[in-house]
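This structure is in structure tokens; I'll ask about it shortly.
Think of it as A, B, C, D, E and F in the order they're written, each chain with its own count starting at 1.
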Amino acid sequence: MFYHDNELQYEVEVEEPDPQFAKMLQEGIGGIEGEMRVALQYMFQAFGTPKSKAKYRNMLMSTAMEEFGHIEMYATAISKNLEGAPQSIIDEIADGNPLISMMMESGQPRQALSAGLHGLATDANGVPFNGNYVIASGNLAADMYANIAAEATGRLLATRLYEMTDDEGMKDMLAYLIARDTMHQNQWHAVLEELGETLPVPASFPQEKEHEEYSYQFMSTFREQREDPQERWTQGTSIDGEGEFSYGFQPGGGTAIVEEVIEEMHNEATKAGGANDDESIDDQSESS
Amino acid sequence: MFYHDNELQYEVEVEEPDPQFAKMLQEGIGGIEGEMRVALQYMFQAFGTPKSKAKYRNMLMSTAMEEFGHIEMYATAISKNLEGAPQSIIDEIADGNPLISMMMESGQPRQALSAGLHGLATDANGVPFNGNYVIASGNLAADMYANIAAEATGRLLATRLYEMTDDEGMKDMLAYLIARDTMHQNQWHAVLEELGETLPVPASFPQEKEHEEYSYQFMSTFREQREDPQERWTQGTSIDGEGEFSYGFQPGGGTAIVEEVIEEMHNEATKAGGANDDESIDDQSESS
Amino acid sequence: MFYHDNELQYEVEVEEPDPQFAKMLQEGIGGIEGEMRVALQYMFQAFGTPKSKAKYRNMLMSTAMEEFGHIEMYATAISKNLEGAPQSIIDEIADGNPLISMMMESGQPRQALSAGLHGLATDANGVPFNGNYVIASGNLAADMYANIAAEATGRLLATRLYEMTDDEGMKDMLAYLIARDTMHQNQWHAVLEELGETLPVPASFPQEKEHEEYSYQFMSTFREQREDPQERWTQGTSIDGEGEFSYGFQPGGGTAIVEEVIEEMHNEATKAGGANDDESIDDQSESS
Amino acid sequence: MFYHDNELQYEVEVEEPDPQFAKMLQEGIGGIEGEMRVALQYMFQAFGTPKSKAKYRNMLMSTAMEEFGHIEMYATAISKNLEGAPQSIIDEIADGNPLISMMMESGQPRQALSAGLHGLATDANGVPFNGNYVIASGNLAADMYANIAAEATGRLLATRLYEMTDDEGMKDMLAYLIARDTMHQNQWHAVLEELGETLPVPASFPQEKEHEEYSYQFMSTFREQREDPQERWTQGTSIDGEGEFSYGFQPGGGTAIVEEVIEEMHNEATKAGGANDDESIDDQSESS
Amino acid sequence: MFYHDNELQYEVEVEEPDPQFAKMLQEGIGGIEGEMRVALQYMFQAFGTPKSKAKYRNMLMSTAMEEFGHIEMYATAISKNLEGAPQSIIDEIADGNPLISMMMESGQPRQALSAGLHGLATDANGVPFNGNYVIASGNLAADMYANIAAEATGRLLATRLYEMTDDEGMKDMLAYLIARDTMHQNQWHAVLEELGETLPVPASFPQEKEHEEYSYQFMSTFREQREDPQERWTQGTSIDGEGEFSYGFQPGGGTAIVEEVIEEMHNEATKAGGANDDESIDDQSESS
Amino acid sequence: MFYHDNELQYEVEVEEPDPQFAKMLQEGIGGIEGEMRVALQYMFQAFGTPKSKAKYRNMLMSTAMEEFGHIEMYATAISKNLEGAPQSIIDEIADGNPLISMMMESGQPRQALSAGLHGLATDANGVPFNGNYVIASGNLAADMYANIAAEATGRLLATRLYEMTDDEGMKDMLAYLIARDTMHQNQWHAVLEELGETLPVPASFPQEKEHEEYSYQFMSTFREQREDPQERWTQGTSIDGEGEFSYGFQPGGGTAIVEEVIEEMHNEATKAGGANDDESIDDQSESS
């Protein structure tokens, strides 16, 4: 179960409020690279971790709680960026509240209309968080890769936000969050290192059941069949050490064209009931 | 630009149609682990790959095309599973079409109602594919991790589908798709190996700008502060080789509580305008 | 503005309640082919129809109101199908409420959990209605084609539902709704006939501004260039009477590969900053 | 910031696993009446509560944390219901895993396919949680009503789930959750009582600015104007004590029909450019 | 069934068109606080109201129809705000259509691109209306609280829009809509008053079946257990009159950690099949 | 299966980059009128076309491939519009990157934050592509109408984009895409011409089973019953040649009010269990 206190995990200061930057910060809350996704993802992964792997559950839940703290930091940053308007705008607008004027131009007007100048559970485009972003597959290795991907795109997001602001307070907060994303990338990699042989995920499926002749072949789909480019992924030992990379083309296998379905579906287009049908059509040729 | 022919990439046969399994196969099309996601993901990643990295564009686009071929295979498999009903059901139902009876019980009735017994652009729960599943971040390393995650959960899905059917045709098709997921996991790892130093993603952000004291510290959030469990992620050299893992707790930094916003937001709850406000409230204590 | 009375537009009777059929009926409410879509679509189209075309506004709004009446009919039908369980199930279940047992197996459990055994604003897969289904383009011809498409798929849905039930009450209701879809298809076609020259939509764009050499050519994308199949869409006068159909292939035009973006995006994957870049890569060849 | 420990908030036991009931329990996690919604809703409300109202922030955050604990309970309950199959099914199925057979029939196959037999961030229909369910308006009174509504529908959901199971463990867990919903309904009402005069929300908007002649009138929209039914909402003092209820009809005000838009929108349907337009159309009559 | 005429429910005039305000007005149509939600919500509630409560059905349907009239008003207001550009912009732009220029900067470009300068079924962020916003639970008391919440946030939205415009026409329309929201809040409260004892919702569930020791206790989740703050919600008689508020902490109940699932799920991360498992792990401690 | 090469289908040049126009172009990718929808729609239609209609499969798949080429063109155009900022903006901004400044003001910030200045799988409002936009009904005639509607709104979109830019490169690209939309509208009409008698869709449903007295009657829903306006859709032969248009009103049929549901749903609002119920209520009158 869960607890809280009233401190932020790390200080959040805004020197000059900037409603446009508030909009950008939303990606850090509700975006697919955002903190709601990782907080809930690690939490659901923890929920499904069995007793025999309890130490991973503990670790996942700690980082889930940490990420909820990041949501709180982003939400606080958004509120502080919406508490006022930049001096340049204030000077420009003779009367009326410059904040309102800025919200009118913002791409995220619901921060004002629906939340009274606070954060929302949406991304920077204004799109609500989606529960299907949460990956908790039940397989720890698959989950670790999903977590690395989430932290890689999450740190990328934070560095882009860092480049977009000149506010020292915001840069300080983002420098902290970037550091944590550094840790979390390392952390999920460390789990994989400890787990050992996990490739190909899921490792428990016996590879002899798969069609192994296709397991390490790069398939080129260029229209004109090209020569092997002799890249890391077309020759040499495979990364999982179980095979040799090779180069080839799609094998092909039988026609893609299906049978008719039952009449009750009313798939028949015409009254005549198939006068246009031509059973003799050579489905391999466009021309007759 | 793009081309096609009329062959399937690999043979798709169904020995005994099974409408319930058709529903499961939808996850392979429109699920977050499915083929629409990877086909479009690799395609959008290829779209954004610049000239200086053209060989990666070529590789990504080839695998995108291959994945579109997998959508075609799954869609064909769904249609074939919906072309009839299992003999056991046919025997059971005295009159009426047993397929219709099975669709009535299915969790995916739109395969009949909206598609005339064919596949849909949805997942196994019936939820439509969502464009935000597509990760194409512009950073090749971040994208590779997203691709590994997609293929890891994708192969996991395929192995689960494999366990759920006894149909030899379906097992054969899935054995092929599982093999391809083996290759693609290896392929994206091979790119990372070739790229070299990519951690922490994005590698181009100068680490001295992040708050490095937090870059390699595992933060425990257990309510009662526990001792260092001495795990791979709390001590020793970090995976990226740039630091030493350590163990600690959330630093904390200032109150999380925000200021009032402008009056025009009408955030004030009462007519009296704040009679209940108590500026002296100690926001650090619940009790007065 | 709008009014109502307490009669249904047409009688809704259910002889033997069938919770599974209630699930199917949801497609008629919240599906992309359903009544919420057409009711709101015609209403929004009416909202945007200008004074000079007021008679079309009147017609659109009448049919919008009629479609709201169909939502009411479907919702009533769902409630009546959920008011009890089929006798066969009642006999089978010794104790407990058979309805609850059926809802447990249904693919639409929210009819019980969220609506207390009534209809929802979802489709038959349980997916909520989506405002983007509503097409009201501002161009009457485009809207009429969208309406014909909605009624064609809507009537198809109703006929499939008709085939899936043996209940005389339900068949009677659906026979009415199918008839109305017949009328509405005819109605939207009648508007197009009256409008006259609307092709290609939008007719007001001067065709000499488009690249007319591509305006009537069928482009084959078969991998191996095939001969003209001499179909209605590859030769003869075009349907709009403005050109001659022809047969050809994608013209092609320059490389698809883009430039680098600004550094602040951190798209660079490696620390070395491009050691893997190879400006000399021939982007037209996969092999070196 | 946030903390956790490894105990459940309240015991979760399942006597006989029931995969179908697992599906129903999803509504308690990701449904609009579910725990994700209230946990995040109270958390976002707390984020936006200003210093002068810090005691409400404390209260909201405590209940947010409690609700996260309920997500954990529901997720644990789902996993336990998926850990096996009912004895009746096990007896029935000669070979193969009965759990797999049950998942095939379930309306929520992604519990197996995507989560390896654990909970998802979706509702009982399989639809993912949506960030727009979270109401945090910035106005404490509006938020309290949103919270009461959430807890009223949430307790209703829990009582329906209670009726749908005979499992003593599940009934015990639900009896606890129902009790907590009792408390939370009382809690939000208590805040409203303490706040005092909050109606109409938002109370800070000066009522003399609204068109007060319409502020307390029930508008009947029956097609035939009916007599005042003399109900509580058509006569007597209004609930907010500021007016007298009355009974009337929609006032009506000018035509609903709009002007033409600019040519660049290509709203014109025909080539002739308006030959069908009839500026003299009496937009008030359907017949000419 | 339903009827219409060509008058607006109340006059809609725009003195100076303002495309940015048009964007804001979208929240009034397709937002979760908007008119589509309440119109459909009251309509679906009416659909499910049984004969014994027919007078509530009548009332709900009247207000549903009134709300459809509000959609029409908002849509008309949007069209009128998009019929031109503010004089200040017209002066600024030497050539080209200033409206197009404004739409390019708008956060809601689909008003032009998809609707030809008319309203959409989306909110102010551009997100489409979602059928799951519609609450019609089947329990009249629960529904009344949902309606009060919808009208409270709806009136809050309208007052915020009122503050954001200086246009006298828009202020007049909003002053009418604000008045109606005043009435509707009172109306739903009046129903609750008339119903009498409805708390806790649903009142029909026998409270002795819930775990009553937790029914009136405020649970603090502060990390450090604090003293009772002696607030309205921690002492005194509960609002429903059935209990006494008290103050306490989460009871806790057994471990949150689950069992392994069946092998067919391939949840096992490693080839070795559990070499990393440590059944002896003390799941209550992070450190070994 | 599928193939590609590295050329664009048609040249994409941008003379002066324009980030705002990049945002608009997104509608061409992920909008309901966009290229993802038609590419996937034609592809899924092809997947479901049976052997007897193989020539239509060939045609649909060719045009699907062509449309994927249009996605590539739009994505390239977006990247090129985001590669720089207009000279006017560059002049204005003293320091800092003007592109970043423009992205801050854009309504589509995720082009920078999530995609590193490339295209997304979203529409111009930033809303992700939705798999339910894909219509593939199984009935060729219904699908052709859906395709005509998609191409009509698609060409309308392209002409609106054409009017919104002065960039010669963009106008050239759009002039090509508009021409292709001309072809595709003609192409789908040509299929319908060839099919022959398809109205009403689905033509295979025997019209004598529908309630034919309502099959050709325009139903007016004006509150006051008006006279027949004598329009094309109220008199004369129907478009399908099977009936005569007529003019009438909604027939009406029985009360819309439903029965009570089972107790286990807890739909009862009060403790007293129905004290407010009034079985004698005349559900046809609002007044008592």
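The working rule: a contact is a pair of C-beta atoms (placed from the backbone, for glycine too) under 8 Å apart; a residue touches a chain by one contact, two chains touch by 3 or more.
As the structure is a computational prediction, the values presented were derived from the model and not from experiment.
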Chain pair repeating A-E, as identified from D-F, A-F or C-F when over half of the contact pairs by residue number coincide: A-F
Copies subunit F and subunit C - interface residue numbers shared by over half, same or different: same
Interface with more contacting C-beta pairs, comparing B-F to A-C: B-F
Subunit C and subunit D, separation of their C-alpha mean positions in angstrom: 27
Inter-chain centre distance, subunit A versus subunit B - centres from mean C-alpha coordinates, in Å: 7
Residues of subunit A engaged with two or more neighbouring chains: 1-9, 32-33, 47-48, 55, 57-58, 61-62, 65-66, 69, 72, 76, 79, 100, 105, 107, 112, 114, 116-118, 122, 125-128, 130, 132-133, 137-139, 141-142, 153, 156, 159-160, 163-164, 194, 201-202, 205, 220-223, 229, 250, 252, 256-259, 261, 264-267, 283, 286
Subunit B residues within the subunit D interface of the complex: 20-21, 23-24, 27, 31-33, 105, 107, 123-127, 153, 156-157, 160-161, 163-164, 166, 221-224, 250, 252, 256-261, 263, 265-279, 281-283, 286
Touch list for subunit F against partner subunit C, complex: 3, 6-12, 32, 55, 58-59, 61-63, 65-66, 69, 72, 76, 79-80, 82-83, 97, 99-100, 112, 116-118, 127, 130, 132-133, 135, 137, 139, 141-142, 145-146, 148-149, 151-153, 155-156, 159, 162, 172, 175-176, 178-183, 185-187, 189-191, 193-194, 199-202, 205, 207, 209-223, 229, 231-233, 238-240, 243, 245, 250-259, 261-262, 264-267, 283-284
Footprint of subunit C on subunit B - complex, ascending: 1-5, 47-55, 57-58, 62, 96, 100, 103-110, 112-114, 116, 122, 125-128, 138-142, 194-198, 201-205
Residues on subunit D engaged by subunit A in the complex (per definition of touch): 1-9, 30, 36, 40, 43-44, 47-48, 57-58, 61-62, 64-66, 68-69, 71-72, 75-76, 79, 114-122, 128-134, 136-139
Subunit E-touching residues of subunit B, taken from the complex the two chains share: 156, 159-160, 163-164, 220, 222-223, 226-230, 264-266, 285-288
